[in-house]
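Given below, in the form of structure tokens, are the structures.
Common to both upcoming complexes is subunit A, partnered first by subunit B, then by subunit C.
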Partner chain A sequence: MKSTPHHAAWFFFLMVLPVILIVSFLVVYPTIKGVVMSFQNYTVFTFWRVRFVGLKNYVEIFTDSDFPSVLLNTLIWIAGSVTLQLILGFILALLLWRPFKGRGIYAGFVFYPWALSGFAIGLVWSWLLNGTFGIVNDVLKKLHLIKENIHFLSDPNYAMLSVILINIWYGIPFFAIMILAALQSIPKEVMESAMIDGAGPVRRLFSIVIPYIKPTLLSSVLLRIIWVMNFPDIIYGTTRGGPAGSTNILPVYMINIVFYETNFSKASAVGVIIIAILLVYTLFYLKLTSYGEMEF
Partner chain B sequence: MRRHKILFETLRFFLLSIYLIFAVFPLFWIFITSLKPSEEVYSYPIKYFPSSPTLSAYKYLFSFANFSRYFLNSAIVSLSASAVSTFLSLLAGYVLARYRIKSVYWILLFLFFAQMIPAYLIMIPQYVMFSRFGLIDRLLGVTIVYTGIGCAFSTIMSRGFFLRIPRELEEAALIDGCGRLRALFRITVPMMLPGVSAIFSFSFVNTWNELFIAALFLNSDSKLTVPVALYSFISKAGIKWNVLSAGLVVALLPTIFVFAIAQKYIIAGLTQGALKG
Partner chain C sequence: MIIEPVFKFSFFLFKKRSMEHKKLESTIFPEVQIQNCIIYTSSLSLEVSSMRKAFLIVLVVSLVTLSFSVTLNMIQVFTSPERTKILETIIKKFEEKHPGVKINLISPPYETAYQKIYTMVSTRQPLDIVEVGDWSLSALASMGGLENLEKYIEKWEGKDYLIPGILEAARTYKNTAYLLPNAVYVKTLFYRTDVLEKYGIKEPPRTVFEMYGMARYLTRPEINQYGYTFRGKGFPTAFIDLIVTSFFDDIDPNNMYLTKDGKIIWEDPRAKLGLELYVRLYKDTAPKDSINWGFDEQVNAFASGITPLLYQDPDTLGLLKNSLAPEKFATAPLPVGPSGKAYPTFGFAGWGIVSYSKHKDLAWKFIEFFNSPEINAYWCKEYGALPVDKRVYEMDPYFSSEKFYGWKYMFDHPETYQFTAYPLWNERWSEWNQFQQDTMQKVLLGKMTVDEVLKKWAEFWREAGIK
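This part shows the complex of A and B:
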């Protein structure tokens, strides 16, 4: 905890100051302001005569008959997406584990969705899944898997399933990248000695590989949950929460209030509810991964 | 044992091939659609290849739909926001990696919580703040917001890269009478160029793809960024899917390009305890 003469305190604070100012002004202050706004009556029309309205916005949200289904949809969205992203990402990482010629190029071709805009991906898939001219319907019919076209994104029975499938397509690379890196950190000797002991592939997977990479699995899943919860982009590119509210998750619910109702205060109240969930979740995350005791 | 191995390798090859098709096909199909003449887009049965591939959708996009303007706007906004936030995160990340004082812990915790807050969640208060400064419907306003949302995360990432570079080298330069900043930018930063490119790419990808803030802040047609333009396309009646597909190809290419050149470093950034997907 001592600083050398070369490392003066003023230099430290001068260097971190821009970032701290920017983050305070553009992230922390708006967050606090958002909390305040959630108790006011900001709409596009009442911009200049704002007053406090107490819990009115919260009452409106909690008595909204759509709200329970929004919460449920959010849970289904998170659980469905993260579970399958994890399983398929894990399988992909295992397949890529042992080096082969061209592995780097292959990884480039399958990991690229990470860099794509979720919104644009939503649009891409809404063309592929189109109920009349979509190629997915065409292929499924040619394979005799279906007889009638499925209206993937406009049928309330299929919409949530479809957006989750798109999200899985989008999220596999993240898990594959994280898990592959963890797999490559397993010492060769550990795997070799298990092989000499005669442990089969399944046994090696469950008694060596998974325990070894458990910290990575845990932290990736925990981070991904928070990230997927706050990921309205794909849904905004496909269904915008519809049909009949079947894909309406919390962030989409909030953004629709901003764009269509232009009720800024009510949207802020939804934001505060999301922040509260995030905060509780983050503390839970810190506790579980002991990121809080990070070294420095 | 040997037969097992061949069987396993065949299965692996088969599964990897299927996944490759699954990963690449959607964009391939959008590309094919963008080359179709308008009358073939909605033809039935579906044409798997356009009978006479044409660039007319792209021509329409850039001449009538003003797409070059949107592309330029997106480039200005995301390149400048990423450059500024990368630069500032290098300054902060450097001292956060080198100093061993209690403040480091508190600042990191502050940044950790700040980067947990998703951008869309605070766009309304930002909108209200920025309307006071007359920064609504101006690219500068969106650029400032974008600089702010990436900063915390970039700093955490940049600190991680600095931690891996031995401090002895800079110290030698300092003893030689080199200024601190000069030692940083002449000696340390050149050594972590992969890290710098990862930080910049992360930030570029995030800002290039951002829709909601831009859609809220920008209204006039000449100010729109690419995602907002696509968003307004789908609300317009009569937009053809070959034109929209061409727009998607153009919208997706820059980040694919960035990913292709910086892939190795991005993956390093993702796996070195970086926190965002």
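This part shows the complex of A and C:
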């Protein structure tokens, strides 16, 4: 029997139906539910008398005197973390590009932090950087680099810098892995002919390497910014947004609303704000980088 | 665990019987042996069918056995590895006394425990016994999550031996007992005798000013020596309030944030004096890092001698047992303020039964067992708490030892140590803890003044409807 286009369409639909159902259950439903909840008064104490409250939760968030500093902290957190992760990850990938003895073992150590839980990393670093008992202060003192302990996580001047440094330590392997994979796809002949033509390392980097791996770089930066923005683990494990809100970023702000105010609706409203910011950012980023017109 | 031996036994019986049957057949009828070979394949199918029968029998037996075994789900709040071990020992003892009963202990991390419990109870997740503290009682009871225990308590012989005031404390919400407290928590002053002696100090401080002076004298940052064990995060409410209210002499015995004439304490000039001293304690006598200290860091700093003066609950005794020699520390009554008084609160915790539990009577049996004098003594001694059963104090000399001097003195001097209560029934209580912590940190870091923060705190409680 000859299959008609109508039958083919049904067949394809049936094939993708499981995926549609799974995605709907795991992504679409929670998103819609979250948006709906953000307009309700869904708290632990009102589970049985939930009602719509209009924009009340949004008004509370936007009129919160801490909210502007939360936004600024989020921006600093993303910019500081991703920029340095990218630069250092790039350097690391370049170092690992050329084969050398023990490269596999070395790469294993370098990529290790990426395999750890962000929250566990936060807890470990919170003791390492502890201003009273921390080993980092002890080492710096023994090396005569400091005279008095530095309060890495309790001094607002150092707290954000400290959590960003922890995040950089954690996130470098991601860029290193991605960039290394892209570097390995550059044809050797292209590099060799550039060398024969007399192109130096800097010229080769900017004229061949970077243009070649540009799609990887752009997609990695896009993804990483989204992940870092949604990554409260390290901050929650170290400072919980403190001291005095100096490391309070949007997802930490959201978690604290759930934990301390037990207000799921207000937290959902923060979640919707995060989605909106990321949506605007992604569209702007893709437009700016002409990502859709790129050849892969 | 129960199914496995039953299954093995049934299978053994089945195998033995079929072998005996075949042996008998071949002895009586030799031709059966040949026939057996011929019909070997079909006998296999017969065996499968017999096995199926046996399996069904086993299944039925197992189901019947299972129907007699009950699992109670129980969740704790103040989780720590040591506490979990002690609880598991008690659970084991209970299970031994009640064959067929299993208790599944859920131990969420302390800082997220309240949230987890609220969510589990609100969404009616399988739970029977829940740890209820004074801080979570009203929230859980107001959402209809707790069973009224009055009918059980009335019939319980142990009620006559409870220390005075404890049942009244358990009846904070609508004058109904929704939990049976098993331990009392009151803050007292822990001090390091060895560190104080090293600096020529023989007596612990009696007043908050003496404490400030002593702590300041001890503070030498160049050798990592400080005086006061400050608490910057993880519910620092009690630490702030104990200092501030010591400047008052008219705190409402039923509400720590009101004076006896019904005024919010944060609007009173005495609160400013108290809070200024609290800020000085941080700035002059505590490590700067302590703005980020919670319970663990506090106990760690005290045990290592960095900060030899600590306000804490009796559960600290349980932790110090493993980290500090007993002769190196002692307890003293809380230093009083200029009013000559201090206003501690009577913290308590115990077990409650969730209102939708299917095994309420069994859950009560566990609670009753937990509050028996022997178990209560074991629990309070190992974990570090003040027992709720009067008999325990007579039974075990440990609870009248000198380590309990601080609490004993406070209980014996009610005119000086006037117990009060937090407005825990207020729905914004948990929000208050976070708000007070964050705004206090701003004051400590100079981002907000004492006057500004007091104004904010007063506004918070006015809006929350404290009066």
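Heads up, the rule we're going with is that the second predicted complex is superposed on the first by the 261 of 296 C-alpha atoms of A that agree within 3 Å, B and C clash if a C-alpha of one lies under 4 Å from a C-alpha of the other, contacts with A are read in each partner's own complex, and residues count from 1 in each chain.
Rule of thumb we're sticking to: a contact is a pair of C-beta atoms (placed from the backbone, for glycine too) under 8 Å apart; a residue touches a chain by one contact, two chains touch by 3 or more.
Small disclaimer: the values here were computed from a predicted structure and weren't measured.
Once both complexes are superposed on subunit A, the partners subunit B and subunit C clash. Legend: residue contacts after superposition of the two complexes on their common chain; A:N230 is shown touching subunit B, with no touch to subunit C.
A count of residues in subunit A touched by subunit B and by subunit C gives the higher number to B.
When the two complexes are overlaid on their common chain A, residue A:L278 makes contact with subunit B while staying clear of subunit C.
When the shared chain is aligned, subunit B and subunit C each come close enough to touch A:V258.
Of the two partner chains placed by the overlay, only subunit B lies in contact with A:M37; subunit C stays clear of it. Contact with subunit B, but none with subunit C, is seen for A:W114 once the two complexes are overlaid on the shared chain.
In the superposed pair of complexes, A:E192 makes contact with neither subunit B nor subunit C. In the superposition on chain A, A:F133 makes contact with both subunit B and subunit C.
Residues 47, 133, 258-259 of subunit A lie in contact with subunit B in one complex and with subunit C in the other.
Residues 12, 15-16, 19-20, 22-24, 26-27, 29-30, 33, 41-42, 44-46, 88-89, 91-92, 94-96, 98-105, 107-114, 116-118, 120-129, 131, 144-145, 147-149, 151-152, 155, 171, 174, 180, 205, 208-209, 211-212, 215-216, 227, 230-231, 234, 241, 244-245, 248, 251-252, 255-256, 258-260, 263, 266-267, 270-271, 275-277 of subunit B are the ones touching subunit A in the complex. By the touch criterion given at the top, residues 111-112, 115, 118-119, 122-123, 139, 142-143, 221-222, 224, 232-233, 287-292, 297, 300-301, 304, 306, 427, 430-431, 433-434, 437-438, 441-442, 444-445, 447 of subunit C touch subunit A in their complex. Contact residues on subunit A toward subunit C in their complex (touch as defined above): 44-45, 47, 66, 130-133, 148-149, 151, 153-156, 239-240, 242-245, 256, 258-262.
Those residues of subunit A that touch subunit B in the shared complex are 1-3, 6-7, 9, 11-12, 15-16, 18-20, 22-23, 25-31, 33-34, 37, 42, 47, 91-92, 95-96, 106-121, 123-125, 127-128, 133, 135, 138, 169, 171-172, 174, 177-178, 181-182, 223-224, 226-227, 230, 232-233, 236, 251, 254-255, 258-259, 264, 267-268, 271, 274-275, 278, 282, 291-292, 294, 296.
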